[in-house]
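Order of writing sets the labels: A, B, C and D. Residues in every chain begin at 1.
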């Protein structure tokens, strides 16, 4: 099967997932509200003191994204499991990585949409003023790199957890230990960027995040057939 | 890849068990000797005095825990490549022993930290990475527990094992960056010569125990799988042999 | 740091306790595995 | 051919050949392994032992070539409830990498043109089965594997299925139809094989479970 037809299949799967999601929209709203709620909880937990809140802003934001975004992954395979569609999906010719890549794109769109709401709310709740000059561009880069790493592994592990027992527990247990480097990288670089990156550490962290994304995107694409075919 | 049937018969297991038990006894004796040697002879450390004796159990356990995960990764890789059930059983056995050893390493790290820094947990880079490794082990074992179909369980845990192994160095690096940026005291350098010999001896002793435990657990797993195969093949033959009655 | 020795003792004690506990676990799993294997052999009338 | 699920043998010994141009019925009660056999033939499931040969080449060697020729109508519809009938077929055509599929013609052929833009969630099981048939038509397979195609179908539905089966056969293909009893197929079957407790009747002997569905051009072996 040619590479081009696999890319077309990837786009078809992404289109299918997003159309299905657009139709039922409910899950997107629910996850977004949950994200905002978690931010509020952090606000209450960390106390009204401005400095404490500002220091914890990046950490609270990323934990809100992780805890709410994770709900999207199992659901994204549920759309295949409901009508027994996974079997017919596997009967189409073509390689298996396009299924993963398609779902990855759809889940990325989903999580970015959630972040579109959650981030402004976080900036308001945690009194973080909009970074002036070019700082916002690197903050955006950190956000994208971190989210990509999160969604790659989330989509990958959900291919297993969605089809096994007690999947609500299994997915976080599989995913979150692997997320440590992303969490550290994203929170540390965001926090230091907020302070104008005094020790020039953001660049190094972003390098690590990029390496993490490349390594696990490759690993996921290569091993996905072993996960989906059995 | 058809399911590889097991050719294990009881005499194979019996002869193996003889050799393994000897290995177990040797391991225990080596460990006792190595520990006795260091406890008696090692000079008190400059700043932490005799507390440094805890290092002789903590550090070897940590080294061997990472080694156990390396065995899981290699066996998982070979399973994906060759599809042999024995590799799946080896990975599972190594993961069980590895998880226990990582847990022990954590406990020892905290026991060492308490008198040294007055707190049970200090986000010390090595200790924190070991904690993450512990959770990666636990995720692997839980996945195996939640999936029943043998072929699916073997294939999924192989992939999870491999991805986990890929992440170990990244976790270690990012945790160290995270801590050294914030300049807190890290665990003592474990390389000064007076210290090294005692450490190596203990590490080897723990290694012998690790190999014994993994092998022993692996043999039991093969016996269990052999029993299942016997029953399955009998059910197949019985089904086919019986005169095909009405529908 | 007077009571260092209790921590040192605790470290070695927990190591041996864990080791012994696991060896017992190993022995018990081995015994169950062997029993299952013998039962399977008896039920299937020896090897196929 | 055998297939085990966990510890239960779904198929204990199957040897079945469907020749090119032949329409074979596969009878058997629930749990006799009919659907398992069909899913293995369609490469949706790997056999525990034994092999599947489609159009002369073993499936393991080139699964994509086999999948391109085989059309499976599975017991489950395999459709997306939140998508409309048209969107389901658009998706299928893209996955089959068809250049310019005539979706409306297919919808009309299976009698769903009126409901083209309604969500499949609102469809009856009969309508969902018609849409699955539509997807099969898009693929224009040479080998048809149908799992109880006549269920929840009225007379018109049965006629639609048989029309499709006959057009495939006349084009040199073949069909294996799983059903409760042969009379439901309205005389379209050339012959029927009975499956009991995962065994074809007569059950093959010995370990060699190689089975052929076709000797010559278009056919599948399971």
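Definition applied: a residue touches a chain if its C-beta (ideal position, glycine included) is under 8 Å from a C-beta of that chain, and two chains touch if they have at least 3 such contacts.
Computed from a predicted structure; not experimentally measured.
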{"item": "A-B or B-D - the one linked by more C-beta pairs in contact", "value": "A-B"}
{"item": "Geometric centre distance via CA averages, chain D-chain B, whole Å", "value": "47"}
{"item": "Cα-centroid distance, chain A relative to chain C, in whole angstrom", "value": "41"}
{"item": "Chain centre separation (chain A, chain B; CA means) in Å", "value": "31"}
{"item": "Centre-of-Cα separation between chain D and chain C, whole angstrom", "value": "51"}
{"item": "Multi-chain contact residues (two or more partners), chain B", "value": "149, 228, 231"}
{"item": "Complete list of chain pairs which touch one another", "value": "A-B, A-D, B-C, B-D"}
{"item": "Residues on chain B engaged by chain D in the complex (per definition of touch)", "value": "1-3, 148-150, 228, 231-232, 235-236, 239-240, 244-247"}
{"item": "Residues of chain B touching chain A in the complex", "value": "80, 132, 135-136, 138-139, 142-143, 146-147, 149, 151-152, 155-156, 158-160, 162-164, 166-167, 170-171, 173-175, 177-178, 181"}
{"item": "Touching residues (chain side chain A, partner chain D) in the complex", "value": "1, 5, 8-9, 11-13, 15-16, 19-21, 23-24, 79, 82-85, 87-94"}
{"item": "Residues of chain C defined as touching chain B within the complex", "value": "1, 3-5, 7-8, 10-12, 14-15, 18-19, 22-23, 26, 29-30, 32-34, 36-41, 43-45, 47-48"}
{"item": "Chain A to chain B touching residues, read off their complex", "value": "153, 156-157, 160, 164-166, 169-170, 173-174, 176-178, 180-181, 184-185, 188, 199, 201, 204-205, 208, 211-212, 215-216, 219-220, 223, 226-227, 230"}
